[in-house]
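Everything on this sheet refers to the single structure shown next.
In this document, chain identifiers A, B, C, D and E correspond to the written order of the chains, with residue numbering beginning at 1 in each.
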Amino acid sequence: MKNKMMRLSNETMNIGFVKKVESLSGSSVRRCFQCGKCSAGCPMSAFMEHPPNRIVRLLQLGQWERVLAGRSIWYCASCETCTTRCPNKVDLASIMDALRKLSWDADGPSKESYVQLANRLFIENIRTYGRQYELRLGAAFNMKSGQFLKDLMLGPKLLSKGKLKMFHSKNRNIAQIEGIFKRIEEMRKKGEAL
Amino acid sequence: MHAEQVKHDFEPKVVAFVCTWCTYAGADLAGTSRMQYPPNVRVLKFPCTGRIDPVFILRAFQKGADGVLVSGCHPGDCHYMAGNFHARRRFAAFRALLDFVGVDLNRLQFSWVSAAEGGKWVEVVTELTERVRGMGPMKEFKELELEEQWSASLSTPELKAAYDSIT
Amino acid sequence: MTPKKRLNYSYYPGCSLHASGREYDISTRALFKALGLGLKEVPDWFCCGATPAHNVDELLSLSLCAKNLKMAEEVEGDLAVACAACFSRLKHAQHKITHDETRRRQVETAIDGPADVKKPVKHILEILAREVGLAKLEENVKKPLLGLKVACYYGCLLTRPPEVPELDDCEDPSIMEDILRALGAEPVQWSHRMECCGANFTLSRPGVVMKLSNAILDSAQFAKADCIMVACPLCHGNLDIRQESIENKNQASYELPIFYFTQLVALALGVPSTDLGFDSVIIDPRPLLREKQLI
Amino acid sequence: MSRIGVFVCHCGENISRTVDVEQVAAAAGNIPGVAFSCDYKYMCSDPGQNLLKKAIAEHNLTGVVVAACSPRMHEKTFRKAAGAAGLNPYVCEMANIREHCSWVHENREMATAKASDIVHLMVERVKKGKSLAPITVPVTKKALVIGGGIAGIQAALDIADAGHQVLVVEREPSIGGHMAQLSETFPTLDCSQCIMTPKMVDVANHPNITLYSYSEIEKVEGYIGNFQVTVRKKARSVDESKCTGCGVCIAKCPKKKIPNEFDQGHGMRSAIYVPFPQAVPNTPVIDRENCTMFQSGKCGVCAKVCGPGAVDYQQEDTLTVESIGAIVVATGFKLYSIDRKPEGSMIQGYGEFGYGTIPDIVDGMTFERLASASGPTGGKILRPSDGKEPKQIVFIQCVGSRAREKGISYCSKICCMYTAKHTMLYHHKVHDGQAYVFFMDARTPGKGYDEFWRRAVEEEEAVYIRGMVSRMYQKGDKIIVMGSDTLVGVQVEIEADMVVLATAVQPQEGADLLAQKLGISYDKYNFYSEAHAKLKPVECATAGIYLAGACQGPKDIPDTVSQASAAAAKVMTLFAKDQLERDPVVAKVNEKYCVGCFACKKVCPYGAIEEKEIKDRQGNVVKVIAYVNPGVCGGCGTCQATCPSKTVELDGYTDEQIMAMIETL
Amino acid sequence: MNAKAQKAKGCGIEPAYYDAVTQAIRSEAVKVLKEGAVSAVIGYLPGRRKSAAVPAVVTTEEEAGRLIFSPACVNNLSLYLTKAKKGILPGGKIGIVAKGCDLRALAGLMGESQIKRDDLFIIGINCAGVQGAVAAGNGQLTEASIAKKCRECTAHTPEGVDFVAGTLPHLDGLTPLEAEELARIEAMPQAERWAYWKEQFSRCIRCMACRQVCPFCYCEQCLCDKNRPQAVESSPRPAGNTAWHIVRAMHLAGRCAGCAECERSCPMDIPLNLLNRRMAQELKELYDYEASMAPQEKGPLNQYKEDDDQSFIK
């Protein structure tokens, strides 16, 4: 996929997808003139198969499959270095958010499952408890990702320092949170929001 | 192109008769571009190759030049429109004459070097210098000078001063 | 010390300050008390969504923050936030909802009410440097942090992008250094003040975190810092909790205590060290503090 | 006895780093006739010049040698300083020990020896030098502008507005040049003809401008202030003085299917025609190669329908000689063609693009005509092969330009901008179409230029692909464009309906021949050379001739107009004086010994040598000898080298000076 | 062809031919003087020694009746139309006797504005040849005595003259000794060539006879006589000699008419015409130029073509 020849035409360039990205992120991809400053400062460039500038480049050409296929978008740390330093005010951090959202929605073809899993669990935690409970989050992640021993050494240490709470209770506003989730889902169902 | 500038056993004298508009400027460009070439060449500036008289070449050989370069504007580029065209014929003939009397033409180089050709200037000068170095000193005319030296050399300061005082 | 007019703040500690960053919470409360500032926690606040929410669902992130901001309206005083991530998300939400009409309407539907997000959100750094004021801080120093070389670590969320947090110069902030100088400490010049520690991957890809955090620790050590001062529980977690494993992985020896700025400010203002949660951190800072005769 | 002063400059460290300047100064002091020698950090500085002036006075110097940089750099400076100290400027010479020595050699010993030799050469030269007085010549206050494009028009109008007579010579039947062909102009997208045609009319109506259209320069003689220019007015076959421009002849001409050059061959014209409706002059011309009357003698319709009887089949080329004081060369450019080039041509064609055989691959100028409301399609973008509207259009930049292997290594400068403009025009006219641009770099320096390009990308939705096209071929009614996107790092293939090439800007056809007539120099591409790339960008090395526009190098309209006005300003500066001072480096004849063989006259490129009768007291002609007109003499010295007895001698380069230099070897 | 003629074949020209030419010259010279068409005729009179001839300017019909043409009439009379010798001529139109080679010189001088065709009445000779430096005892022209230049003459028949004297007898082809010598020298290695010419030039005594007899050395002041600057040393030493002969050959290149008077007059027998011939050969090869009997506007070195050979220029 990465090196496959690109046939460009109105059919192969998914402009609709690009428009979605632009709408979600509130940032234009056409503004980018490929100076590469984003990739230059990105702490995660080394972990990506498409560095940030190429993500934008592929978007400019409507190559949505190539963008979503890789793990690049999941390896964005959301540090906003790119957005801060972009000479064209391309909000790449938001574009990344948008891409992850679209990939999430599409149950995207991404290869990066750990990051997705962590995100999923994090959000589930909010829905269930209203706040994060790190022990639960960590344990659930290890369970679900099958890395039972990951960071195992840290657990007792943190517990002894009072940094992990063994028990927690649900937030009293949990119904309100559920309401927010529900209403967002409804909006999306009705097509009122992306 | 960067000639190694170490002193050799034989350092030939090379004289370049050049036009001011193209080759002199080309040599200037070689300078501003900091190119390197052998320091053997002495440049005599003329307005145009059209001004260069074959007698000068002859005289240069007599006065100890081991190689002579005549260089000017490319055909059609002459600042004076046609000076180099006239020079071209003149030197074609002169070359034939020198060849006929037995002068090794490897010692006499003609070239077109434009104001933009600093590199070519370096190339031409380096090539001629190294070729002449390989050939050794130009003995022919020098021997003639030495033979039957009737009077003392004019190079004593007294004589020079006396000569100059005439001016 | 009693300010002429007592300043009161509402307080959004965020999830971390109730768990892995509890010493941040402890020291913040102690500091506010020492400064005579009111600090009242917003009741029933819930998670801002942090990075994971906006990463895949910006609308959710905005809605959670909007709801929190709305709840904060109930408590008197500007909203003081300690966690850099919460601060960043709340500010982002404010910014987005104010500037994007479509998003505002969607958020209002989600939270089933007007998106009233006008409440000023202030990071505690801001409150110290701008509202209490450096002069006042300096005036009240009881125990100057003399000889303490501190690497101030801002991380990525405090200042970026410039138009959102509006805290300081986004590429060359000085607010932490200014405060430290007022306390008599010696901020060092170093290279990695703004680099990312990789907090987003602390759960999913700890390898990434180790690599990025190592660079930060290495740089601070190179700058001959005695310790690192942070303003974010996530950064703290990565630099402190993971420091030992980072050292092991990179065959390095840093032993750099990681302070919350609230801890150092409170210490200088004479708050007893026992009230600042120094026992909760992994790299024990007390030997250093003893060495510098600060405790 | 000569008293020469030698001043050796350190040039900061530029000279002294490699050359032992003190040693050179000391050695110079030992040359007979040298009365004073010294070295100094910066001879060209005020203190340096004062040092020179002081030494001239104190040591009563009769000549000066400044061993420093190239005389091309500071000869004027030091001659002026010497002149201020009461010395004739022409006995002040420079020994070039920087460009010709310290900068090109590393061995200090050898460089120092060479520097000493150079100084010695120049000392001997100055010893034999003569005081020379500047020559004054009259200035004819009439300018010639060659080329009637925007450059020529601007220069002509400026000079004419200053109150001087201007002669505009245009090769084509109408002035206007390439700018008249353009549809819209960047970066403002204003209609080219709307801003161009009023200027064309101004030229036609200006009382100080004489317009020779359909004319060419035949011969140029003379020199600054005093050129004699022969202009060939080509036979138009229509009497300009009689023609009213009614156009009936054109309407009635039976031969109408001749590809119109103005529309790049995509529209048709008749055999008697004006190139375009707004042509100036609006006088038709008969294309004799295509005219039935000229080819078979049967027709004559235009003559019959012409009311004023202006059509004249017997008209012949006429030669007119004009006295001209200054010349502005504004011959413009042509576009590179991808066609197969003749064997041995420096420029190569593009085989990989089919050598121009694919009909829907056109150049930028053709696209301009297609986009122009007055063009062959009435402003609709329709491809040449079948007149369909292209939905996928590919633009390729740097075709020919920056392609060393194809023979051109320079950047054509205007293509990035006009391609961006083309994508906009296309987007405005074909809303459902998609434009792609293959580019290597987007070079958009200029006021509002980068913003313009970004607009094309961001708002007009042109897809820019950073990479070049490797090959194109016809497949059905599509052109397969195979390129690459170096930013993504993949090959790209586009099935295009039409391809527009931003082909390189080249000097106008015959630029070299005109340069030879004018005696100005040109580079290997035939662009005319300015006297100095930075400080004399408008002047030619040949005095009195100035450059404007793309004949000097690729230029866009604003740059061209600026340079044209600059050239005009130079002409006005020249015309501000009635007399011009000339360098006295001219030849003189020794009347006593001249035997009048006139070999000198035969070789003189300037025609400066005349025959002069020497008479005795009774008025009988004793002999006829050569005489050099100092106003005409260019100072090349070819006469002297040719003269067997050297009775003609070039001041400043006398045999005595040169021989003295050779004696030092 | 009679027996005598048969005998002359290959070894000489019938004396009757010279007599016929002599008669023709005399009658024409007398005629033009008598008519007043010319004020003088430059021709040859018998010398004091037997079979000798001397150049002469005759102004009377009586003198004209004594003019001769014989193998001894070697001089190129065009010489007397230029230089200081001009002074010996009366004013007005001058008649001149000219062999083919002399005629070329006249044409050259016309091209160089030294003489005008209208001022001359040219009596051209159908020239069978003249003698070289060594005359035969009987004054007849034999293969041994014929001048080298005449052995390979290409200018037997005058063109563009006012009167033609004599008819050209049958001429036998002679071996072109000079061309062979030229080829021999050219074939030498370069060093040997230098040695050859060094030896030749070293003999030069700088008597300047070569310059004196050359119709083209009409300069008022020769470059080689100048001493400010002295381009060519004037004393008869090898360096100056070599320079002089090179400069001379260069100055004559493209002008020399090939009369070979320089070589004939050289007391030291330096083969000067070889230099001139070599230059003529080169200019023929390069620019297709040959000295001709018709005046040419510009010599080969006073003009150029844009596509001239420049293979020797880098």
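The rule we apply is simple: contacts are C-beta pairs under 8 Å (C-beta built on N, C-alpha and C of every residue); 3 or more make two chains touch, one makes a residue touch a chain.
It should be emphasised that the depicted structure is a prediction, and the values quoted were computed from it without experimental measurement.
Touching chain B and chain D at once are the following chains: E. Apart from chain C, which is left out here, the chains connect through touching into one piece.
Among the remaining chains, C is positioned farthest from chain E, on the basis of C-alpha centroids.
Using the average of C-alpha coordinates as each chain's centre, C ends up farthest from chain D.
More C-beta pairs touch across one of B-E and A-C than the other; that pair is A-C. Averaged Cα coordinates give chain A a centre that lies 23 Å from the centre of chain C.
Centroid to centroid, with C-alpha atoms defining each point, chain D and chain E lie 52 Å apart.
Centre-to-centre separation between chain A and chain D, using Cα means, comes to 60 Å.
Chain A and chain E have centres, each the mean of its CA atoms, that are 105 Å apart. Shared interface positions of chain B, defined as residues touching 2 or more other chains, are 59, 76, 82, 86, 90. Listed for chain E are residues 223, 231, 301-303, each touching two or more other chains. Shared interface positions of chain C, defined as residues touching 2 or more other chains, are absent.
Contacting chain pairs (ordered by label): A-C, A-D, B-D, B-E, D-E.
Residues 592-599, 602-603, 624, 642, 644-647, 655-656, 658-660 of chain D are the ones touching chain E in the complex.
Across the complex, chain B is touched by residues 185-186, 188, 190-198, 223, 231-232, 235, 237-239, 242-243, 245-247, 249-250, 253-254, 275, 278-279, 282-283, 286-287, 300-306, 308-310, 312-314 of chain E. Contact residues of chain E toward chain D in the complex are 112-114, 218-223, 226, 228-231, 251, 297-299, 301-303. Of all residues in chain B, those touching chain D in their complex are 5-7, 11, 13, 15, 21-22, 24-25, 27-28, 30-32, 34-37, 39-40, 42-48, 50-53, 56, 59-60, 63-65, 73, 76-83, 86-87, 90, 114-116, 122, 157, 160-161, 164-165, 167. The part of chain D that touches chain B in the complex is made up of residues 1-2, 32-33, 70-72, 96, 98-101, 103-107, 109-111, 113-114, 117-118, 121, 127-128, 512, 515-516, 519, 521-523, 529, 541-542, 585, 603, 605-606, 634-638, 640-642, 646, 650, 653, 655, 658-659, 661-663, 665.
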